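In the part that follows, the structures are each spelled out as structure tokens.
Both of the next two complexes hold subunit A, though its partner changes from subunit B to subunit C.
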Partner chain A sequence: MTRSGRLGEFLPPLAFGLAVLAIWEAGVRLLHVPAIILPPPSAIATRFATSMPTLAADFRQTIQGVLAGYVMGSLAGFMAAILVDRSQFLQRGLLPIGNLVSALPIVGIAPIMVMWFGFDWPSKAAVVVVMTFFPMLVNTVAGLSVAGAMERDLMKTYGASDWQTLLALRLPVAMPFVFNALKINTTLAMIGAIVAEFFGTPIVGMGFRISTEVGRLQIDMVWATIVVAALTGSLFYALVAGVERRVTFWHASYRAKEA
Partner chain B sequence: MKSALPIVTVVLAIVAVWYVAAALMNASLQRDLFANAGRADYSTQDLVGASLNMERPKLPAPHQVAAELYKLVFTIPPTSKRSLVYHGFITLEETLIGFAIGSALGIGLAVLIVSMRWLDRSMMPWIVASQTVPIIALAPMIVVILNQFNITGVAPKAAIAAYLSFFPVTVGMVKGFRSPDPLQLDLMRTYSATRAQTFLKLRAPASAPFFFASMKIAAAAALVGAVVAEVTKSEDGGLGARLLAGSYYGQTVQIWAALFAAAALSATLVGAIGFAGRLAQKRMAFP
Partner chain C sequence: MKTSLVALAGAAALLAVGSAHAADTVTLQLKWPGGPDIAPEQVLVGGGADVVVDWMPAALAAREKGAEMVNIAQPFKRSGLELTCRADTGIRTPQDLKGRTLGVWFAGNEYPFLNWMAKLGFKTDGSPGGVKVIKQNFNVDPLIQKQADCISTMTYNEYWQVIDAGYKPDQLVVFNYTDQGVSTLEDGLYAMEDKLKDPAFVDKMARFVKASMKGWDYARAHPDEAVKIVLDNDSTGAQTEHHQTQMMAEINKLTEGSDGRLDPASYQQTVKALLSSGGADPVISKEPTGAFTTAVTDKALAK
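Our next item is the complex of A and B:
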């Protein structure tokens, strides 16, 4: 892709974003909206700059739970999918339940996890584990069934064992599905950790900061924390999407863009 | 219904694991209780039996949750503040209002985005990016801000439910309206159909599968929004308020009952949309 093509792609959303910020700033100042309701972007930026240490501490606290839960939940979902894959019976039984669980308000287990694992980050990680497990399970099982009959027959003519077929054929073609789950899970992990902090945490963490500063009507601090959460979420997603591009470069959705 | 047997087996296995886990997790607590009561002569059987019937267990056994659900749903009049039906209706109301507003706005914006190129190029990247942001973090603030305007009760929670369901609907419906392939669009052009006609006769019907998929996601998201909003403003009741109250007072059985009520609500909503989707699929014959 050429340089100007890229620029043309980025310019309109950038202009739109800046326009929203400008209208927000001007509107708040002209209409004299009180800062407790909606602080202007400049105030949020100032607050962001002056509260860096607090925001960094909150970030460190929350990201521990996010990452630990994300890795454990996704890994457990992946392993469970490989085990389930061995049995048609289990697949038929677990998949509908997995799909159902994905639609449930799992964040509700947050108070239970806080009781079991205490106020610190392990309880947040536990919520994230449960939230990320099922999307990974369902997607990986779906991905493992993608390899066609022809390709499987070919593996059989090579005399490949089940495990060899799994490693050489079925797992690689399942990767787009696995990464789809990994991408869904980045958002779920952030949501799980932040909402779990609403239910109890040591006096640090993004969810804690949001709920207490709302109580103290320091809305600019709330917005600054939301900026951190938004940046973290997007960067996390972008990171996973970047790895996906490396791993599944052969997939049609990437080849089409380069052609 | 060839998957009925596997599903039942898996469910039974989960219940069995749950019982074992409950016995193991509660045993140490129950041992302390026995010790405090001065009892030392209990058998393993006593210990397990008592562990599964504690008043405030770490993990309540399935039958305790079932009994609590039965008590709170059927034996208490639905007008009582202790009834789960009462709180469930509050949550359901917020969810449905929010879901209706959120999906209507989402579909409306999708229509605008599909019909106006500049909107698509300037706004769509932001809407897609918003999917990667934990927007639920805004929930407590929205409640407080609306409170400043004296908007209380159902409205703030419905607002949060609405904006959580808004983004997935927009993204899904834009995809749906764009799903007709160039060949079909060319055909409409050879008929010299206007843009509005193309939209009504081709794009809108073609988006039906995407519509039902987004509605399912939106309903589930709206319920999560309503429950989380109730946690941040718990004095008006609702299932989220029950969760919070349970966690304040260590009433684990109550938490689990509220959790199951929320799960049942979500499953019913998503199931109803899925059913409507299958009916539409039969009549419209989409894949």
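Our next item is the complex of A and C:
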């Protein structure tokens, strides 16, 4: 892709974003909207700039729960999917339970996790594990079924064992599905960790900051934290998408872009 | 919320008593703040209620931020906030709190605590030589689960929850904010300043305050009946007579002697305490103006 082509990709969203910010700023000022209902972007930017230490500390606290939960939940879902693949019995038993677990509301699980694992980030990681387990399980199971009949026959003619077929054929082919789940899980991990912090936390963390600053009517700080969360979430997603591009370079969806 | 149903016993009692006084009829729609940690100021400013029950430090802090809320009545004359510690932690005096893990409520209830810690010289950000704070929900689990050495309790609610959980009074060390000299005014009634410019609204509020105070007087004179009225009006069915009776007895101690009027001396004491709370982030940075009005209570008591 040419240099100007890549720049051309960024320009429309950038212009659109700036326009939204400009309308927001003008609207709030012209209509005299009270700051405790909706602060102007300039106030949020000022608060963001002056509260860097607090926002950085909050980020460091929350990200532990996010990353630990993300890794553990995705790994657990992945391994459960391999097990399910090996055993019909597990497939019939584990998938419905996974479904049930994913339907549990965070506002119900979070206080229980806090009671089990304490107020610090482990309880937030536990909530994230519960949320990220099922998407990973379901997507990996779907991915494992995608290897074509011809390719599987080829492996049989090579005398490959079940494990060799799994590692050489079925897992690589399942990667687009696995990364699908990994991308979904980045969002779920962010949401899970932040919302779980509403229910018991040491006094640092993005969820803590949002809930208490709302109570103090410091809405510009709430928005500043939202900005941090949005940036983190986007970066996380972009990172996973970048890795996906490397691992699944062979996939048809990438071919279309190059042309 | 910490005040639960008994705090509205005044209103509930008036539902029974007030119905006999047709001239003072007032239609009440009681709303509970929905969701965890919704501060009363948010509901008032957002237009979700005409009048809210709030603690004065939170209301003054909100007023300084631009929320033009005004105190119209002060039913609670005394403060019921305390810090309850397990005796097995070895804590005996406030100075022993250094380095300990303390549970604190937020959503407006943290200001008296921050005030007290500033007075004791303890930082609350977790730095060494200060105290470690965790955001406590409106329950006593952190103390029972030993996740905190001390937790915030109200004399009328959470303290009894700890006792009901099996702790004996001699297994607990309680620091009452009033005894420590750091108490601030608690449950008062607040309305928005612009609404109070309307005489019809002031009249409506005056009738509500008058009926409320009648209810509180009734609750003090007939606590058992008041508890029954509260339980009859409890649509959730979650409250027990045992718990509500304890709460009623304690809350009556806090409303004793109040006719609804805000005592200017108590107001000044709270303001002074908040102004001198010191540190980089005082609760309020300047003397509030127009933060309370006697218009409603004058009207209510004149009737």
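For the reader, a short list of remarks on this structure follows.
The rule we apply is simple: the second predicted complex is superposed on the first by the 242 of 259 C-alpha atoms of A that agree within 3 Å, B and C clash if a C-alpha of one lies under 4 Å from a C-alpha of the other, contacts with A are read in each partner's own complex, and residues count from 1 in each chain.
Following the convention adopted for this analysis, a residue touches a chain if its C-beta (ideal position, glycine included) is under 8 Å from a C-beta of that chain, and two chains touch if they have at least 3 such contacts.
These figures come from a predicted structure and were not determined experimentally.
Judged by the touch definition given at the top, the superposed model places A:36 against both subunit B and subunit C. When the two structures are aligned on the shared chain, A:28 is found in touch with neither subunit B nor subunit C. Contacts of A:181 after superposition on the shared chain: neither subunit B nor subunit C is touched.
By the touch criterion defined above, A:118 lies against subunit C but remains apart from subunit B after alignment on the C-alpha atoms of chain A.
When both complexes are overlaid on chain A, the residue A:211 reaches subunit B and subunit C alike.
Of the two partner chains, subunit B is the only one that A:195 touches; subunit C does not reach it.
Considering which of subunit B and subunit C touches more of subunit A, the answer is B. For the contact definition in use here, the residues of subunit A common to its subunit B contact set and its subunit C contact set are 34, 36-37, 107, 111, 115, 198-200, 211, 214, 217.
Listed in rising order, the residues of subunit C touching subunit A in the complex are 36-39, 41-42, 45-46, 58, 61-62, 65-67, 104, 106-108, 110, 124-126, 132-137, 141-142, 145, 147. The touching residues of subunit A, counted against subunit C in their complex, run 34-37, 107, 111, 115, 118-119, 198-204, 208, 211-212, 214-218. Against subunit A, in their complex, subunit B makes its touches with residues 2-3, 5-11, 14, 58, 118, 121-126, 129, 131-134, 136-138, 140-141, 143-145, 148-149, 216, 220, 223-224, 227-228, 231-232, 239-240, 243-244, 246-247, 250, 252, 255-256, 258-259, 262-263, 266-267, 270. Note for the complex: subunit A touches subunit B at residues 12-13, 15-17, 34, 36-38, 89-94, 96-97, 100, 103-105, 107-109, 111-112, 114-116, 186-187, 190-191, 194-195, 198-200, 206-207, 210-211, 214, 217, 219, 222-223, 225-226, 229-230, 233-234, 236-238.
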